[in-house]
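Across the two complexes that follow, subunit A remains constant while its partner is subunit B and subsequently subunit C.
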Partner chain A sequence: MSSWLAEAAAVFAKDWRAELRTRFALNTLGLFAVTTLVVVSLALGPIGGSPNGPSVLSAVLWLILLFAATAGLPRLFVAEEETHTATALRLAATPSALFTGKLAYGLVLLLALEAITTPLYLAMVQLPVASPGLLVTVLAAGAVGLAAASTLVAVMVAQARARGTLFAVLLFPVLVPLLVMAVALTRQAVSGEPANVGLLPLVLYDASVIVAGLMLFPAMWNP
Partner chain B sequence: MPAIEFHDLHRRFGRVRVLSGVSGGAGAGEVLLVTGANGSGKSTLLRCLAGLLAPDKGEVRMTVGGRVLEPAERRRAVGYLAPDLAFYEPLTTAENLAFFARLRGVDPGRGAALLDWVGLPHDRAAGALSSGMVQRLRWAWALLHWPDVLLLDEPLANLDPPGRKLVSQLLAEQLERGAAAVVANPAPIDLPGSVRRVELAG
Partner chain C sequence: MKTLLAWILWLWIALVIVGALWWAPPLPGFQAGPDSSRIVYFHVPMAWTSFVAFLAAGVFSALYLKRREPRRDAAATAAVQLGLAFGLLALVSGMIWAKIEWGEFWNFDPRQTTIVLALLFYTAYLVLRLAVADHETRRRLAAGYAVFGLVVAPFLFFVAPRVLGASLHPEPVINAERELKMDPAVLWVLLSGSAAFTALFFWMHSLQCRLAAIARRNGLEA
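On to the complex of A and B.
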């Protein structure tokens, strides 16, 4: 393994080891997602069969994922600043490897969240899925974009005072294209009706945010 | 031969001028002791030297293997110790050092050996260490990658007499192998090697 990859893997492993001992992000994301899921499902009821069902449920699914991510992912760098471990990281880590390790950690967290909440959500609102393969692909591609954008914005707000507000204010405009595409493609996966957008733009969005992150991160992380 | 030099360093925080025209340096096997009252800029100076803070004006030159390092290289090359340096509390001392060893491309066994040298248990969570034990862990962390330049901010803080003796020996060993050190402390302290002193007026 190259030293760069080994560094990224070390950051990923460290974050997960610490997370599994404290369960801060897992509990925050999990509780938020399950609570929202239950409230939304009870309020909407089994609307899977109604004409607007796929549209409404696709949008609501991504909103749940978005707000769960907003609740947990700012901690990626805020925790490093608050506990004063950021200084040691700045002195020891290659910035791009650090960004990649943190992104991978956030991505796995989001994928785990999706793996738990999506089947539960679909079952509660009794929504049949026409194309499960496409749904899994869209959820995975959406998680990549969400994790990459959240990682990038998390480092921008880590040293600010009103971090929570700033995180949301900066993140939402960046995520609008992702959410529009992800909702349309999820609706297609659920209903089987073609969407006005393909998977390629979503993948290109992911690639753009990751490349931007790798280029901008060193300047934002170091003085 | 490793060396660190700095010339005419200036640094402000808003309207507060912390450093104004500070110069100095240390060569291989030498120590520059920077003293001064609280708020005189000792920690700011060391953060500028480490590349953690950009000076408003002035120059820092760190030479290792005959080559002047860029700020990004300087950050990774120095052995830095400071009171605000913290570790991952849920992880053990050994896990903390193993993590940083992997980041630095050093054999994780080096961390275990350093823990033995500084007399720390391997399996104690960093969050459960006393302040003196954290200071010993900072020493082990700073020496993890055999740094040629050491930047030590209050290196004896929180240490008991055996701890002070131990880190004094560790510093002497580093100087003997040719490392250069800049040490910041509020008051003069006994240090091994050839020591020069700079007093910051504040």
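On to the complex of A and C.
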């Protein structure tokens, strides 16, 4: 167990070391998200205080996060195939530990992205937040599900052609339940009106995607 | 034997058509004329059959991942293709009915949303198959994706309706009060129609699987 954890931690550390040398994912994801939210705020104007503001803006926030993730997270495994390190990784790491390490890397990347994007977004569209605690919880829980589903889809896409577009096509239908719940809960956090879904289904979604990922990943990773 | 079964199926379907169009009474409570509601005798069985097909695709995919037999994967693919056909027919017939009865093709009905997402998911499944050149890799990845979809599906079925709100669809046959609020003739046609469409699906599925087996034997795998 401890060696399994050490393997997962080693994968996580390796990916972050490689990332901090180039800062490729951080820069592209961050810049993508910031560019999109500037475009959104220019297109919509300061509608945070209007009656429909919370509904529209919480949906748009999640769309920005989703597309930023789509732009960056396929790199998780595509990079391994492109640099021909996938075979060495297959020999070196237990599949489930590899999945966990990659998932943790993607999750930290998404959380960093949310930490930069969300305050900037809220300020630019002038959206007051009724319960910041709930907003942070929903963003974190959404990031977990987003990272887990992306990790599993990324390993499939890395072995296929037309990777960039295929990633979005495969990921979106799977993520719709998460998006529906996260948008409803974000609206609740922003406007204070209770949503007709709780936090529990979102956490259950995260848990089932992680368990499915751990079970399916070995078959998806090893040829 | 197989020919006999096929003839029984055709006779059964003919009986369902007669039952749906002439024997069963029109459903009460619809404004657009009593006979427009007869679309339900085809709409419900097709939706049910697409559900059965997608479930079968998930089971075949899980079996493929366990045993790695190419025929399991071919069975999953055939089930997905047929499920898409039945699902598309259910969606389109439902939209036409919604336009006639409620004035709009699209009502953000939870079941409409669910079936559209199911169609998107299984179309993505077929796109994934197209994007992988190697046979073994294609089977493995597609099977994994289908099983993944089966894990996510309950959230779509049980959570999305709560968030999206009211449905135009009636409660299922077995409802909370455990009583039947349906004319027995209507129920008979609906159930025998569902049985007929399900049998039709399995017949078409067995044909597809035999075709795929012949293609595999001759090295012509798609």
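Going forward, the second predicted complex is superposed on the first by the 222 of 223 C-alpha atoms of A that agree within 3 Å, B and C clash if a C-alpha of one lies under 4 Å from a C-alpha of the other, contacts with A are read in each partner's own complex, and residues count from 1 in each chain.
Quick note on the criterion: contacts are C-beta pairs under 8 Å (C-beta built on N, C-alpha and C of every residue); 3 or more make two chains touch, one makes a residue touch a chain.
Just so it is clear, the model here is predicted, and its values are computed rather than measured.
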item	value
Subunit C versus subunit B on the shared subunit A, clash or fit after superposition	fit
Which superposed partner A:V180 touches (first subunit B, second subunit C, both, neither)	second
Contacts of A:R21 with subunit B and subunit C, given as first, second, both or neither	first
Partner chain in contact with A:A160 - subunit B first, subunit C second, else both or neither	second
Partner chain in contact with A:A115 - subunit B first, subunit C second, else both or neither	neither
Partner chain(s) touched by A:L31 [first = subunit B, second = subunit C, both, neither]	neither
Partner chain in contact with A:L91 - subunit B first, subunit C second, else both or neither	first
Touched partner set for A:L42, first subunit B, second subunit C, both or neither	neither
First (subunit B), second (subunit C), both or neither touched by A:S3	first
Subunit B and subunit C, minimum CA distance [Å, superposed model]	7
Common ground on subunit A, meaning residues reached by subunit C in one complex and by subunit B in the other	223
Subunit A-touching residues of subunit B, taken from the complex the two chains share	50-54, 71-72, 75-76, 78, 80, 82, 84-91, 95, 99-100, 102-105, 141
Subunit A - residues contacting subunit C, complex	152, 156, 159-162, 166, 169-170, 172-174, 176-178, 180-181, 184, 195-197, 201, 204-205, 208-209, 211-212, 216, 219-220, 223
Residue ranges of subunit A touching subunit B (in the complex, touch as defined)	3, 6-7, 9-11, 13-14, 17-18, 21-22, 83-85, 87-94, 97, 218, 222-223
Residue ranges of subunit C touching subunit A (in the complex, touch as defined)	65, 117, 120-121, 124, 127-128, 131-133, 136-137, 140-141, 143-145, 147-149, 151-152, 155-156, 159-160, 162-165
